[in-house]
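These are the structures, in structure tokens.
In what comes next, chain A is part of two complexes: it sits with chain B in the first one and with chain C in the second one.
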Partner chain A sequence: MISFLLRRLAYLALLVLVATSAAYFLAATQLNPRSRYEGRNPPPPAAVVDAALDALNLNDRTPVLERFARWSTGVFHGDLGRTVDNTSVNEEIDRRMWVSLRLMLLGAILGSALGVAGGAYAAVKQYQKFDHVLTVFSFVILSIPTVVLAVLYKNAGIGLNNLLGFTGETKLLYTTGEMTPGLDPWTGAGIMDRMAHLILPTLVLASISIAFYGRYQRNAMLDILGSDFLRTAQAKGLPRSRALIRHGLRTALIPMVTFFAYQFALLFVGATFTEKIFGWHGMGEYFVNSVTGQDVNSVAGVTLFVAILVLIAGFLADVAYAALDPRVRV
Partner chain B sequence: MTAEPDVTSRGQLVLRRFLRRRLAMLGFTIVLVLFAIAYLSPLFVAWQYDELDASAFLSPPTGEHWFGTTQNGFDMFALTMRGMQKSLVVGLVGAVLSTALAAIAGAFAGYFGRILNAAISAVMDLLLVLPGFLIVAILSPLFQGRTWLFFVLLLAAFQWMITARIVRGMTLSLKEREFVQAARFMGVPGWKIIFRHILPNMASLLIIDATVNVSSLILAEVGLSFFGFGIQPPDVSLGTLIGNYSNAALTFWWQFYLPAGFLVLLVLAVNLVGDGLRDAFDPNAPSRVT
Partner chain C sequence: MEAAPILQVRDLSVTLDSEAGPVLAVRSVSYSVRPGEVFGIVGESGSGKSVSSLAVMSLLPSHARIRGSVLFRGQELLGQSDRALSRIRGRRIAMVFQDPLSALTPVYSVGDQIAEAILVHESMSREAATERAVELLALVGIPSPRHRATAFPHEFSGGMRQRAMIAMAIANRPDLIIADEPTTALDVTIQAQILQVLRTAQEVTGAAIILITHDMGIIAGMADRVGVMYAGKLVETGSVDDVFYRARMPYTLGLLGSIPRLDRGTHQALTPIEGTPPSLVDLPPGCPFESRCPLRIPSCREVEPPLLEMAASGPGHLAACHRSAEVERRDLKSADVFPAPPPHASDRDGAPRAELDQVLEVQDLVKHFPLVKGAILRRRVGTVHAVDGISFDIRRGETLGLVGESGCGKTTAIMEILNLLAPTSGRIVVFGRDTANITHRERFETRRDLQVVFQDPMASLDPRLPVHDILAEPLEAHGVPAVEHSARVRELLRLVGLEPQHASRYPQALSGGQRQRVGIARALALEPRLLVLDEPVSSLDVSIRAGVINLLEQLKKELGLSYLFVAHDLSVVRHIADRVAVMYLGRFVEIGAVDDVFDRPAHPYTQALLSAIPLPDPVKERTRTRIVLEGDLPDPSDPPTGCRFRTRCQKFSGELADAARRRCIEEQPALAARTGGPDHLDACHYAVTASVL
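And then the complex of A and B:
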């Protein structure tokens, strides 16, 4: 068992290594950091541009293997290199991942909890009103691209502000940024302000999760509802609600676990649209900006970050799987 | 006189079940109608997507410009129809490509096993770890001036892995069945067995997968084009329209809500078809996420 886990871990580490290197080579050959210095007036001397690019390890006149060697040496020492603006990629990721986490934690928890609960309840009440409402909701939300959904919620928020007369500086719901600049975040007013910024993007993320998990959990639960062991549990005298939760929901959760784990890893970049539209400076924004900004080291850094998250998530899914399904533990 | 026995083939059965599902038929009709409008309307309307009307800037919907115009005087109806052509084609071609890739890779990995299986599995794992959005975005400058097929190919390349895993699993069990064994002992080469016996036996899975892929690829195109990483100007897609005019939603609503509305209608209709197909192929299974 131990040797299997170790081999698995080594394979996963190798995958991260290959994925990050592939992203680095792609970015280093396709992106063009030099273009940032072109079109300036007066044009900087070529030697100055070369020196600046060399300092960042972004000079396209250096052979790509040489750049890769320098970059990977840094990575093995825990240094992901410099961005095009000569800041540290490490610091950038370190700052932005917390922004993303603050944005998504609430939405993800709320969305998956409500989705699972709603889906399970809809299955128990199959073809009744609640089931129909959830089915239609999921179907419609899953057919709307995240960008469009985010814009719709944002405009609804602005409309609500106008309707209720919040047209001045203070608003009921804010649609850009994480908080009003200059406010102390740890006072009562600061926390209220953060909440007012958080509501709309959280609603966007939660809606999507509810739609996704709700529909999936409903089907997983429906599969379980007809099963013999649930009937047995009731036959031996367990109240229906206890039987449904202890035996039904627990079993129906098993296939969902894999989704949870992967979903959370992909959320970090998947929330790109929400971050972009609501003006949060998180990992998703970094992801897009690194490509548009011709930022080779940042692209590789983001890829490494995502790859590690996906793998941790996969590992956690295995653990949770074992916790829910006793057969795995034997 | 002997009457022909009343034989219903599986195909007829599935078709009959599909036709009986009202929502699925509604979705199918909407897709057909949208297809027809997208491709036929340019033949009948006065303004084309690349024509400027210098006398109407930012005009709201009127009798002449049904969906209004943009800042530069482009006709929004023509743009939306042009965008829908692209979205439809991207979705359909991409879905067929990715399902075909999944079928072939999964079946070959499952049938031949060993080294081929290990190699294909490694590629699948790697592609699952690499963020596809980022890779397509990095390569997007290459789309400029090239055919959109290249873009669709890339989208499909990041879409096939999970289906391929399912196909591999099914191949492993089909491989042991008598008809496959019989074909093998008669000396039929492996690739022929795959195309003649194994893949036709999972046709329902592949058809459903392709339908579901149509809507995921349309949505993926919108996401990429929103940031300028997808279809490149001067061509337009629903994604580029939504990206360009998402800021205009509050002021000049027709620029955003009309293309976005058509997109949602299209994806919704495709999802209804997918759901209906699933039920038609497997009436006992509860309908799944599309």
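And then the complex of A and C:
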């Protein structure tokens, strides 16, 4: 088992290498940081632009392999390079990943717990009211693009605020940012303020997770419901509810493990649209901004970061799968 | 002395929903079970035997509608809450299910699952329950139980899983054990072990058993009383002796007459029951067996006969037939009611075997599969000795039965022959052509003469082709002009007992027996000389099976075919084969004429195998001495040294002295004539013939 996991890790590390290199070459050849200087008035002298770009390792007149060599040397020493604004990519990621985590953690936990519970219950009550409600909910949520969903929730929040008379500075639900500037985050008022900012994006993220996990868990549970071992468990004398949870749900959770592992590892990566709509400065926003801002090093840095998280997720999924299912332990 | 019944089932009816409409799976079934007795319920698939017992436990899916009454020790079970029932399930009434792989939860250890069965009913510590589980595993014969208790179900063999299921069932000393086809998924020697364990379990707990099975032999050997189910109804019930020797319902008579008997050989006439059971969705009024019954009279179509007491038999012998009184008065037997083709002792033209042409000769056939490990750097870690040096020949017009339990290599052997390629080592000669040096063209031509019928007719027929196209395909492949196809297809259908209009049907519109007939017709399309039959009847119900067996015998006679007949069911082989080869772990242990091998088996494995097969004859079953083998088949990648059978051999462990045993350990016994005729070969150093039937 250990050697299997080690082999798997080596394989995943190789994938990280390939993905990151590919991302660097793609970004370095397709993005054009020089354009940032071209629109200025008066136009800066070419030598000045070259010098600025050289300092950031972004000069498209330097052969791409040479730039890659410099960049990857830096990466091996733990330095992801500089952004186009001459800040450190490391610092940028280090700050933004926690923003993303704070945004998504609650939504992910709520979404997966409720999704699993709802899906399992819907399977037990197949073709009854709850099942129909969850099915309709899931299809509606999954067929609306995230960006539209986020805007809908945001508008609903604003509507609610207006309806309940929160039209001043203090609001029931905030629709922009992580917290009101100037508040001490560790006082009671600060925490309440954070929560008020968190509710709407959490609802968006949780809705999507519930819809997604609900569907999968329902199917996994339906497979188990007709199984002989569930009948054995009842024949032994377990009440149906206990047999369903101890033997049914426990077994039906196994195929879900892969989804959980990926979701929790990718919490740091952020939710691009939700961050954008609700004005959180997390990793998702960073990635979009770096593409539109011709920021080669940031694109490559974010890709490397995501690739490493995917590696961890894949590894986590393997370990968790083996922990849950004795049949795959070798 | 009549003890009060422990379980009384009254007018139990179960309706299940299906896409075609409500299915009347069980219709007004009544029976009772007395303390400590074994009540057998026998029936074919779809007869309602499993559904009725699940209804007793209220373990049917929620869409099932159950009516009637189930009294357990005077307490009504139907309509009880789940909580109340869960106090009875597992504690007072326990169940053993058919498929022990899917019946155990894959993610918990076997010991934990048994302990759980104890803990839900008794308050004791987890350690004490685990300790109890280990004791129970020891009781049902699991070696090193303390260690095995921590293993997961997938690490157990089929027989061991079923032992664990029984351990779970008897954990709380129930009053009643319902065993639903407990041995159907198992090999015969393992089946014998499990039946033994069930008897032990009954002795230890004193529980009554409801034994549900389709195997009349198991009923004969285990049950005190029996109920025969057909189309959701109990059609005959009584003591085993009454039902087996004085059956009064034509269906029971047909069922008994359609079973090939291990102890009767080729002289027995099999009585097939024509037709198929009715659909339970739109059941017509009248007797459900009417359309298949040779004794039918007009009133059978209108009134469904009730269960009537048979005056001449012992009390409690009931049969549901309008003419049961007449059957009783005239004491009709299976052969009197059902027309059977005349038996044929031997179809060989009387010439001595040596003078007939060889159609297939196999010499020292070996097939090894490498065991490899690793995904990128594959390395060989072992070898599975699937077939390890077998030799036999088949003469014109002869049937060789190849028997053995799963994993013995019989399927690998026939696949090697059907490949028509040079084997790993050894020689395969088909119609005088050595497969090692024939051209591609010759190989193609040889396939005309060598055809195959597979086990599962549903899986081996293309569901997208109508029967006509299925039968015309081999004709087309071998260049028969298209204008001749239709005539040939009609002829083939007639040959296998189907109607011309079946040509336009699709396989899913045919019954199991009809499908297998199409499979046989396809194999016959090119007028082959040798048919390889891979378990051709094992997926069919008993009453259908007899018709297909009779068809195969008739075709062999009419068309002068030779058969290589692979089966695990020795009764069928005895009925159809001229010679039989018994295979164990890749090698033959015995080969010879059927009567020699079955009546005077020389190898201990053959003896055990024959002894393990239950006979549908209660008196014989009661008086038989049984040889029950120990353990499971050894790992074929690491076979024992010397004689491969010695690890399970009753002679090795029971009779031989140490000095004699050494020879078994060191020297692999060759196949040789040791006990009698020159044509009866065995592979045992110490072969002595014995009669075990």
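To be clear about the criterion, the second predicted complex is superposed on the first by the 317 of 330 C-alpha atoms of A that agree within 3 Å, B and C clash if a C-alpha of one lies under 4 Å from a C-alpha of the other, contacts with A are read in each partner's own complex, and residues count from 1 in each chain.
By definition in this document, a residue touches a chain if its C-beta (ideal position, glycine included) is under 8 Å from a C-beta of that chain, and two chains touch if they have at least 3 such contacts.
Just so you know, these numbers come straight off a predicted model, no measurement behind them.
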### Overlay on chain A: chain C relative to chain B, clash or fit
fit
### Query
With the two structures laid over each other on chain A, which partner does A:65 touch: chain B (first), chain C (second), both, or neither?
neither
### Query
First (chain B), second (chain C), both or neither: which does A:19 touch?
first
### Task
Return first, second, both or neither, reflecting whether A:250 touches chain B, chain C, both chains, or no partner chain.
second
### Task
For A:228, select first, second, both or neither according to whether it touches chain B, chain C, the two together, or no partner.
second
### Touched partner set for A:136, first chain B, second chain C, both or neither
neither
### Task
For A:164, decide between first (touching chain B), second (touching chain C), both and neither.
neither
### Query
Which chain makes contact with more of the residues of chain A, chain B or else chain C?
B
### Query
Is A:238 in contact with chain B, with chain C, with both, or with neither (first, second, both, neither)?
second
### Task
Pick out the closest CA atoms of chain B and chain C after fitting on chain A and give their distance in Å.
5
## Note on the structure
The answer for chain C against chain A in the complex is residues 54, 57, 59, 61, 82-83, 86-91, 94-95, 97, 99, 102-109, 116-117, 120-121, 152, 154, 165, 168, 172
### Task
Would you pull the chain B residues touching chain A in the complex into a rising list?
125-126, 128-131, 133-135, 137-142, 215, 219, 222-223, 226-229, 242-243, 246, 249-250, 256, 260, 263-264, 267-268, 271-272, 286-290
### chain C contact footprint on chain A (complex, rising order)
226-229, 231-240, 247, 250-251, 254, 324-327
### Task
Over in the complex, which chain A residues touch chain B? Could you list them?
15-16, 18-19, 22-23, 26-27, 30-31, 138-140, 142-148, 151, 155, 158, 212, 215-216, 218-219, 222-223, 269, 272-273, 276-277, 287-288, 291-292, 299, 302-303, 306-307, 310-311
